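Across the two complexes that follow, chain A remains constant while its partner is chain B and subsequently chain C.
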Partner chain A sequence: MAASRSDDRLPPLVWAALLTAAALMVAPLVWTLLLSLKSNAELVGNSGAALGGPYTLENYGAIFGNSSTMRWLLNSAIVSLGTTAGVLVLASLAGYGFARLDFPFRRSLFVLVLLGLAIPSQAVILPQHQLFATLGLHNSYPGLILPGLIGPFGVFFMTQYMRAIPKELDEAAMLDGASRFTIFWRVILPLTIPAQSTLAVFTFLGSWNDYWWPLISATRSDMYTLTVGLAASQMNYAQTSGLGFLMAQAVFASIPIFIVYIIFQKQIVRAMAGAALK
Partner chain B sequence: MTSAERRWQGLLFVAPFLLLYLLILIYPLLRGLWLSLYQVDLFGGGTFVGLANYARLAADPVFGQSLINTFLVTLMIVPLLTVVALALALALNRATRSAAILRGVFFSSAVLSVTIVTLIWRFILAPDAGLLGELWTALGREPLPFLSAPNLVLPALAMTTIWWSVGFPMLLFLAGLQQIPQDMYEAAALDRASKWTTFWRVTLPSLRRTTILVVMLQTAAQLQIFGQSQLLTAGGPSGASRTAVLFLFETAFGRWELGYASAAAEILFLIILAVTLTQYMLTGRVRAGEDGR
Partner chain C sequence: MPGLQLRNIRKAFKGTEVLAGVDLDVAPREFIAFLGPSGSGKSTLLRIVAGLETSDEGEVILDDRRIDTLPPGDRGVAMVFQHYALYPHMTVRENMAFGLKNARVPRAEIDGLVTDAARTLEIEELLDRKPAQMSGGQRQRVAIGRAIVKKPRLFLLDEPLSNLDAALRLRTRVELAQLRQRVDAGVIMVTHDQAEAMTLADRIVVFNDRRIQQVAPPMEIYSRPANSFVARFVGSPAMTIIPARLADGGAFASVLLGNGTRLDTQVPTDGLPGSGAVEIGMRPEGVRVCGQGQGTTDAEVQLVERLGERSLVYARLDDGAAITAEDAGTTSAKVGDRVGLSIDGAAAHLFGPDGTGYHRAAA
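Moving on, here comes the complex of A and B:
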């Protein structure tokens, strides 16, 4: 990110304030990490023990021996990857249709999709729950994935992106006798890779961190995602695992998401720039 | 292929999304409206009661309290979050290595899920086992019962949320700052405008759209605040931190009063819709979205 006024130095007072804020930001994370490295027994009634050694990796060892945490990790991975793949396919197809083809009711249907941006998921949760119960989809992967596919943002985003691609490309391919689908698949789709990766990162992050729908749909603990599993652990923590183990679970659950964040930082920043422009 | 077939071809591309969209979003939206006019319980069946559910909501002190809590916590979060995010963006809008690292630091919490965030903050706020409690005790003071005192619990939720959410608005402001043309600053420098004047006359007016976007997005998001309240305090003590969405959740999936919960969902929907439409009007996004080709 290029700065607009890079030469002027920050005054010392601003620096001090910034570093204090950064410390406040990081302290909870460090505290969590320290707690996760302590034996559960030492922390009983004295979480302050986390500030000094001895530290141990036994809680992390316990996670790998704990079949439910690994199962939740697997569920989260399946649901997030499934949702991401589904959103990319549906949003690309619909984006192509809305941006580059003309068909009856195109404009009204697009407005209908845009209206969805203003519908919060809480407003429709009850009928959604009933619908999925009728279809017998609760406690299943399709049941966890499907509500993640209907976000209008992906369609809006791909439509905007595909609109910007010159019309002449389709026309040239048409003259060569290519079908609409071939044009979509061979000509347009390869040009949208940057948009695909941005949409993929945001969909994956959103799906991995979603708490609301899996909380309601996954009621059997073997179908929990990590977010719901961690919620259940922290509510029952007094009876069960112990503070160190609980914190190790939190650290463990955030590792995949931090990896995704570090790899795709550029896409995230670029998407923010786009949002601020619109 | 006839031209009539070609005319409908585009519909095939949008159909897969549209069918799911109609089934999983639009149908539930209408069905929810219908449900809110009935008295329905878990065992199906239902009696048409007209607006009785809404009348009951209006008279329900628990629902009223949950709405007030939601507005209060939104008011605590949004202005502070906006100012902090803007301040961070102004300080970190430079091409140095340290600024890049600090941008990463301030964004890092935003990628965590609400369950991890509440797990972390539970053991910061809890008076007997938390970081703040330890610090207070070390200073020889009585630890503050953040999660069990009625007047401290909403500020505690707000603090947790600000820590969690500051990253995205900061990035939005940074992106907004990048859009300000350099020559506006050069002109201000020629006029010997002070830094303060430049900030008020150049920077802030140029960030108008970004600020509206941040404030409205955050308001809509915080009016739906749920996980923090459910996981940290279960809405307690005695309802002091029960938010509107938690009320909806408890009514629907705890007591299974489906008609009543649907009415609460519609009220919440209308409030959030009003915020979203305000944002669209202020930033002109509706026109941008509808423009043809």
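Moving on, here comes the complex of A and C:
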């Protein structure tokens, strides 16, 4: 985008409104950060103490002092990255199939996939738990990753994106002697990179923040993800007597998300703007 | 037999027939244009040759090898698509090398072939660009380059010039003509632009209504159209075709126009249909505007198109038949004028009740 010209400048009133809105959005985050930098003892009496010094990193020290935290971080990374990779592979392959291959019941199957979007995960949690228990998959990485791979949205998203790629490219590649797989791998897939990165970011964020399924599936502390682990390590009266520590945990858990957001800001904004297909 | 042979190609889409048994022989190194209106089956036939569609019946034979059973990449044909279909994420070099890589041509050889083709097309400086960084004309050249580099035995061009603006289209047409002198392969070009077909092709195949209407060199298509469809479709403005009746005559047919005007043609009477009802066809250049009462017949001017070096005068005979005539660029004819039309009977064509064309004896 070209540098903003003077006549593009916002009127002062709009500026003020935007600033106010932004401040309202940021305030809880800043409050969280400030609380995390105060000792628990100081906050018990008056959480308003967070507004003034002295600040300390002792709560963060406590997080790292818990030897399990690094393990949970690793678990979260493995599960989130594994889920993301799996979703990309499956959604791309399925999307290519729906967008390009001609097979019986293609339409009906696609509708079936779309119907999957309408089923809340809560509705299937009991049978899912039962199934994973029977398969002996609880407390394992596959157990944490597999449910996340069921991604009707990803399939739908990739199908629509691939449908928008001109078929002439496939035909040109066929005349260039490319096999079906070469067409997928060398021609279509590289053209879906914008969609892939958007899908990757959303899948990663969703998986990283997921609390419910890991809470059910990972019952052994060494298989906790960060969200479950941090929640489990809270003391009984954390809301009152461990406020600083609680907030430090929240900040710590959101750091990776923050990093992902900074790196993929463009994709996220584009996806939110609904312009990912162009 | 070298070259391309199509034998009884039939194709239907969901029960709708689009090709009703097409036979065609293309000589090696021949430039063939498929010309016809939309939906006439010309593009489908090209795609069947390319292997992008399968025919329901028939055989495609290229240089003595049946190719309709082979995948597109193994047929020895290369295609230039209407919208270029360059791979957007690859550079020009990669676009051109893609087919060779798939054919497992050694890397060093690929580089040589790509460089040669780029030099021929004068696109060397574009080799490291991506399609989005090029103009339409440049993309077109790259698309041609991608086809050339494979050294196919047959080039298939699907309306290759239709996406270019008028000036570039003319230039590229000339370049295509020069290019075909340099490649050792046949060319089939689909077009609905008759000027392209006339200027580029050795022979034109005119399609209509699921069938080939005529296969002939451009001038023969123009001067001896096989039927009234070809006569109307080729030539701009279209040939005037009006009903007439055969009059008694000698070796050459004479006809009476609807308004009673008698016209002596040079179409031999031999072979003409027995009954008297025919149609007569006249190109505008065979009908000149002259003073009222001085020509073959009189007519009323409906519209005058001034094209600069000449004018086209659309007129109507007394019986209502529309006829297109030519006049000088400085014509004084105006809408509503009564003018004389001098019809050159030697340039007239006759069409039988079934549309079959009859022409003066070949020179």
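By our rule, the second predicted complex is superposed on the first by the 238 of 278 C-alpha atoms of A that agree within 3 Å, B and C clash if a C-alpha of one lies under 4 Å from a C-alpha of the other, contacts with A are read in each partner's own complex, and residues count from 1 in each chain.
As a working rule, contacts are C-beta pairs under 8 Å (C-beta built on N, C-alpha and C of every residue); 3 or more make two chains touch, one makes a residue touch a chain.
This is a predicted model, so every value here is computed, not measured.
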Exercise. Specify the outcome, clash or fit, for chain B and chain C once both structures are aligned onto chain A.
Key: fit
Quiz item: Is A:I255 contacted by the first partner chain B, the second partner chain C, both or neither?
Solution: neither
Exercise. Scan A:E171 for contacts with chain B and chain C and give back first, second, both or neither.
Key: second
Self-check item: Partner chain(s) touched by A:S47 [first = chain B, second = chain C, both, neither]
Solution: first
Practice problem: May I ask you to decide whether A:L74 touches chain B, chain C, both, or neither, giving the answer as first, second, both or neither? | Solution: neither
Quiz item: Does the superposition put A:V187 against chain B (first), chain C (second), both, or neither?
Solution: second
Quiz item: When the two structures are laid over each other on chain A, which of chain B and chain C touches more residues of chain A?
Solution: B
Quiz item: Just chain B (first), just chain C (second), both, or neither: which does A:A133 touch?
Solution: neither
Quiz item: Is A:P152 touching the first partner chain B, the second partner chain C, both, or neither of them?
Solution: first
Self-check item: CA minimum distance (chain B, chain C), superposed complexes, angstrom
Solution: 10
Self-check item: Touching both chain B and chain C, residues of chain A
Solution: none
Quiz prompt | Of chain A, residues touching chain B in the complex | solution = 1-6, 10, 14, 18, 21-22, 24-29, 31-32, 35, 43, 45, 47-48, 51, 89-91, 93-94, 96-99, 101-104, 106-107, 109-114, 116-120, 122-131, 146-147, 149-150, 152, 155-156, 163, 180, 184, 205, 208-212, 216, 226-228, 230-231, 234-235, 243, 246-247, 249-250, 253-254, 257-258, 260-261, 265, 268-269, 272-273, 275-278
Quiz item: Within the complex, which stretch of chain A touches chain C?
Solution: 166, 168-169, 171-179, 182, 186-187, 190-191
Exercise. Show which residues of chain C lie in contact with chain A when the two form their complex.
Key: 50-52, 71-74, 77-79, 81-83, 85-89, 98-99, 102-103, 146, 150
Quiz item: Which residues of chain B touch chain A in the complex?
Solution: 7-14, 16-18, 20-21, 23-29, 31-32, 35, 84, 88, 91-96, 99-100, 102-106, 108-109, 111-116, 118-124, 128-131, 134, 137-138, 163, 166, 168, 171-180, 182, 185, 209-210, 213, 220, 224, 226-227, 231, 245, 248, 252-253, 258, 261-262, 265-266, 268-269, 272-273, 276-277, 285, 288-290, 292-293
